[in-house]
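One structure, as structure tokens, below. Some questions next.
Here the chain labels run A, B, C and D in written order, and each chain numbers its own residues starting at 1.
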Amino acid sequence: MSDPFTAIGQFITDLLISIGIDAVITNILLTVIAAVLLGSVVGLVAIITIWAERKLLARVQDRLGPNRVGPYGLLQSFADIFKLITKEFLIPKGADRYVFIMAPLVVVGGVIGLWAVMPLAPGLAGADINVGLLYIIAIGAIGTLGIIMAGLSSNNKYAMLGAFRTVAQMLSYTVPLLLALLIPVMLAGSMGMTKIVEAQSGTWFILLAPLAALIFFISSLAELGRTPFDLLEAESEIVAGFHIEYSGMGFGMFMMGEFVHAFTISALFAVIFLGGWQGPGIESFPPLGFLYFLLKIVLVYFVIIWIRGTFPRIRIDQMNSFNWKFITPLALTVLIVTALVDKLAVENGFNRTAVLLASNAIIVLVTAFLVRAHAASLRRRMEVTDRAPIQQPEAAGD
Amino acid sequence: MVPLSWFLILAAAIFSVGLFGVLARRNAIAILMGIELMLNAVNLNLLAFWRYLWSDSLTGVVFIMIVLAVAAAEVAVGLALIISIYRRRSTVVVEEIDLLKW
Amino acid sequence: MIEIVAWLIPVPPLLAFGLIILFTNRSNRLSHVIGIGGMLIAWALAMSTFFYAVSGGELPVTTDVQWLPTGDTSLNIGTWIDPLTAVTLFFVAWTMLAIFVYSVGYHNFGKAGDSKDRPGLPPHAGGIEPMYARFFAFISLFAFGMLALVVTDNLLVLFVGWEIMGFCSYLLIGFWYGKDSAKAAMVKAFMTTRVGDVFMLLGLAYLYTLTGTLTYSEILFNPETLEMLATTPSVLGAGTSAAALIALLFFIGTVGKSAQWPLHTWLPDAMEGPTPVSAMIHAAAMVSAGIYLILRIFPLITAGWHHGDPLTEIMVIISFVGAFTALFASTLAVGQNDIKRVLAYSTISQLGYMVAAVGIGAFVAAAFHLITHAFFKALLFLGSGSVIHGVEHGAHESGDHINPNDMTHMGGLRKKMPLTFWTFLIGGLTLSGFPIITAGFWSKDEILAEAFGTSHLAIFVVLALAALITAFYTGRQITMTFLGKARSKAAEHAHESTWTMTVPLVVLAFFSVVIGWAGVPKGFPVLSSFVPNWVHEFVDSTLLEHSEVLEFNPVPLIVSVGVALGGLLVGFLMYRKLEAGAPDPLARLGRVYVWIQNKYYFDELYDFLFVRPAYWFAETFVYRGIDRRVIDGFLHWVASLAGRLGGWLRNKIDIPIVNGSGDFVGEGIKTAGREGRVIQTGRIQTYLIAGVIFVGALLSYIFFLL
Amino acid sequence: MTGPQIIFLAVGAVTLIAAIMVVTVPRLVHAGLWLILALAGIAVLFILLDNGFLAVIQVAIYIDAIAILIIIGVMLTRTAMSDTARQINRMWLGAAFACLVIMAGLLAIVSQAPTATAGLLVEDQVSMEALGRVLVDVDGFILPFEVASVLLVAALVGAILVAMTPARGD
């Protein structure tokens, strides 16, 4: 019982062959089964996370949350899904029909596609390719495409504006995200997801690269379009953003895409910075790794919900300047410093964790000092110009 | 195994299609798209040759990476130019951008 | 180790200058901390160098690196520490440090600034100087120039430091550029010293063409080079050697820098600057630099001359200029009522002593007097600044608006400003050469003894006379300023200055007394058995050819004591009972006094001789004659000629021939263009199609037809 | 017909059709979306050529960046040219002829191409590490690599400068 997943796979293969199916086709069938299974499970996860999110948000806001349907309102999400399915999927007049229909599919497909390379437990990963992280980046941006398609095809200016904002935000925050991801790649020496998890058998990367983890987390929030970066669907400004014209299951798909994306990002964070399925006892019983992985995902997801419950939304000019003037330069600095320090530390026999942590701490201190100095100068300028506004909101990305 | 010539024929076809886009489209952005198609056809060609004839060195792959970088730069500058022209002259039709004609 | 220290000495003030000018000029406190800190570091380095030198360290310490290759030769930059450098560093560092500290109090640091104060004008209500930080930047740069000049090992860097100081003195004399007089003074000082500097540069160039080097060790301490220079006839021919000509050119630089007759007129006007600047220019740095230069090139001046020989022409010139200046300037000092101007003329006169000493070959005596003079003159200037400061405050309090520099309005300040009085008294006595206890006595006595001992009686008499007058005006100044009764309300309300001003006074007073004891001449009754003539032995070791120590002779001693005491006494007696508003007792001299008060009309003479002819020349000759008539006329002639020629060419050649053919070609091209322009659609796509079809044709040719 | 050949034919057909749609559909937005499909097809062909890395890069750069940028460009300028306007210029017949000429020329050259079969790939030679090393190797491609990075920076700055809204009063 050392590797149950292989054993199960072997069992199914044997079963199919015993029925009399060709070995090649068996292999293909097995892959298809695994893919469908993984996709469905991940899709279903959304139902649970929606309930969890509503419940937790309610607690944060001192409310009860869903509590009518089922125990603790557990069946609330199912009720919602039934409602959405039974509603008509309206296609607005003048809309670009096929693009309009395809947009939610692309969004959900892009998100679920990410799970193809996610290492779930020791020896259990959809496809352990050597450019896993790059794949994540590439496929992760497909969602942007879906949003653009939705915005374009809706024949609605709010949808269009929402799509613009989304694209601007997502493209911008991909830069620090990529830079932050390069650091774990450097530390692990590979882009393969399994290799990255294995490299964290000793120390999790969040200890080696806390700043990278923070940058990754923030950029991911922006990619997700979650609070505080939820200006793509800021109701007060652009009603509901790109999915304003969607109803029924089309809207449901976007919702699902969003929640699954959040869940996926939590999983990614767990894999890259929290050691994935690493934990005590996995050598003797590998399925334990899956449990650890799930626990870590839940932990990160909780933090995301927590932030959603407590942070206000930022303005679009703040979103842009925060990215280009703060987080991207910081990510670059951290990348360079980590590369140098890691190389030198390993060569000179220092304790890697201590040195990297110290370098991160120094960067934090310097950054804090610079930010303080900048704020002081802003304040001075404000005093000089008296009550004149410091800064006109810059024109948005259009 | 796929014969090398299949790749080359496909690449030639895509290249010609892209060239047609460049030659016949009126919209500047559509012309850009045509150029992208041509570049991709070239990339396909390069990779096919690399795989079939020179897979012991990485020259082909590096060449493709450079093409990718150039393509990215080209699109960025090209789009910037188009948008700049659009702002000043409210047109993206290349036939109407003829200030320097005669 | 000591080599590095020598390199580092000028650096801190330069850094301080940069820091203050670029970064800290908004913060007065930070600026003076940096300025004084820089000077303090430089002082510490200079002291360590000095003590290395006097404690028997191996001298000279020298280092150099290549700076500027110039073909066959290369200009090096380096340091040179020998006994002369060491003692110069000693007094420069001390006096400069004192001046830096003194400036804090002088510019009223810590007092609130008056809103009416404007940069470029002295603060008028005792508030802080508006350009406080800038002042420290300037004096830091000045200190850099001086220290670089002292520690360098070649004449080129010496010249660079020299010019930096010239520039700084320009800035500092005109520090209060809002005053017209200050503006005029800064220009005058700059232009006058420039006259000397040009000659000095000529000397440098000449020296360089002859020897191919400007390094001390290769010229001044190389007997072969000196011999070569002494025997080479100069470009002037007629018996003057190259060495003499170069020395003369350098000496003219000194005349400018050290304000010797006839280029002395800028120095009294330079009193327009703040008093620390006066002290800086007249004691520690700039004028000392002039003397330092002729001491430095002493081997060059005396090339081919040996002790006991009759003086060479160049030495005669130098000693004459020096002695004349000493007497001449001291008489001028008598007629001045401005407390700082008296000191200015006194400085000129004392510098004349040193120049005269160099002229008669008394190297050690000149160096010794340079040191003592630096201390006591800095002390006197800072003391006078303290007095002016006190009287100014008194003027503010009593509302009695008088010129705070004018001694006729002072009197009785002894009680009001005791510390200033005692230190000023020490300085004054030192200046006049009060016997035994003061340093000035020993140094001046040594010069007189040298002049007497080497039988240059004319020089001796002139200098002794100058010493008498010096003692007289010193007595006059002290009496008018401190003794008797207050002759104005301002003087009654004067009070002592802050500690930052008085502490430097005390330090300088200490040195003014003590330094002399290092130079008690050999054979002096009683005393010489206690203290050796340390200065003579140490400083003399600078030179290759050591001078013999003169036998002790009581005549100059008696003369010296006599003139000092006599002068002081006469001064005291004459001015003891000076009443407010009463005419100066010297006015009884009649016309002579008027001449003295007007500085022998030298300014007017120069105005008449140089300035106005220059204006006239520029206006009448250059502008009207050359510019308008000759050059403009020529241009007009050329222009009209060109015009006429052009007309002819146009009518005969251009229109029929050139235009005709041009029009034909142009019209032809135009027609061709009109017909052919349909091909140019302006659309890249069209061209591309054409290009592609051509490429296709080419391909098919290559693959199917070849 | 082996598996890869079937896949190639399917993907190649899709790619070629997508490419033709790119240059012919009147709605530019659709052209952009077809472009994405064509680029994705190329990426799949890259995988068929045993270079997963370039396939992922193709997706990341062409689809995520370039294609989306082009679609944004289309959206930004969509008022300048309505989708019902003529999209093909008057000389399209000439252009088509020229393309056919080029295509014929290329095919003629292809017909002379060697009929090589793919050798086995040595895993070390396609690994990213090897690629990374050869890119910064002095004997490798460091100069083109650096030049390309300079080009990218220049393009970045230039694009911003060109597209920047001119300051008021300009």
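Operating definition for what follows: a contact is a pair of C-beta atoms (placed from the backbone, for glycine too) under 8 Å apart; a residue touches a chain by one contact, two chains touch by 3 or more.
Predicted model only: the values in this text are computed from it and were never measured.
Undergrad: More C-beta contacts across B-C or across C-D?
TA: Of the two interfaces, B-C and C-D, more C-beta pairs touch across C-D.
Undergrad: For chain B versus chain C, what separation do you get between their C-alpha means, in angstrom?
TA: Taking the mean C-alpha position of each chain, the two centres sit 73 Å apart.
Undergrad: CA centre of chain C versus CA centre of chain D: separation in Å?
TA: About 75 Å, centre to centre.
Undergrad: Based only on mean CA positions, could you tell me how far chain A sits from chain D in angstrom?
TA: 28
Undergrad: In chain D, what residues contact two or more other chains?
TA: In chain D, 57, 65, 67, 76, 89, 91, 94-95, 98-99, 102, 165 touch at least two other chains.
Undergrad: In chain A, which residues are in touch with two or more of the other chains?
TA: In chain A, no residue touches at least two other chains, as defined above.
Undergrad: Would you mind listing the residues of chain B that make contact with two or more other chains?
TA: Each of 19, 23-24, 95 in chain B touches at least two other chains.
Undergrad: Based on the touch definition given at the start, go ahead and assign the chain network to line, ring, star, complete or other.
TA: Shape of the chain contacts: other, as it matches none of the listed patterns.
Undergrad: Under the stated contact criterion, what part of chain D meets chain B in this complex?
TA: 2, 4-5, 8, 12, 15-16, 19-20, 22-23, 28, 31-32, 35, 38-39, 42, 45-46, 48-51, 54, 57-58, 61-62, 65-67, 69-70, 73-74, 76-77, 79-81, 85-89, 91-92, 94-96, 98-100, 102-103, 106-107, 110-111, 113-119, 121-122, 125-126, 130-131, 134-135, 140-141, 144-145, 148-149, 151-152, 154-156, 158-160, 162-163, 165
Undergrad: What residues of chain D sit close enough to touch chain C in their complex?
TA: 89, 91, 94-95, 97-99, 101-102, 104-105, 108-109
Undergrad: Which chain D residues qualify as touching chain A in the complex?
TA: On the chain D side, the touching residues are 27, 29-30, 33, 36, 52-53, 56-57, 59-60, 63-65, 67-68, 71-72, 75-76, 127-128, 165.
Undergrad: Help me check something: in the complex, which residues belonging to chain A touch chain D?
TA: 96, 99, 129-131, 134-135, 137-139, 141-142, 144-145, 148-149, 152, 160, 164, 167, 171, 174, 191, 395, 398
Undergrad: Within the complex, which stretch of chain B touches chain C?
TA: Touching chain C: residues 19, 22-24, 31, 94-95, 98, 100-102 of chain B.
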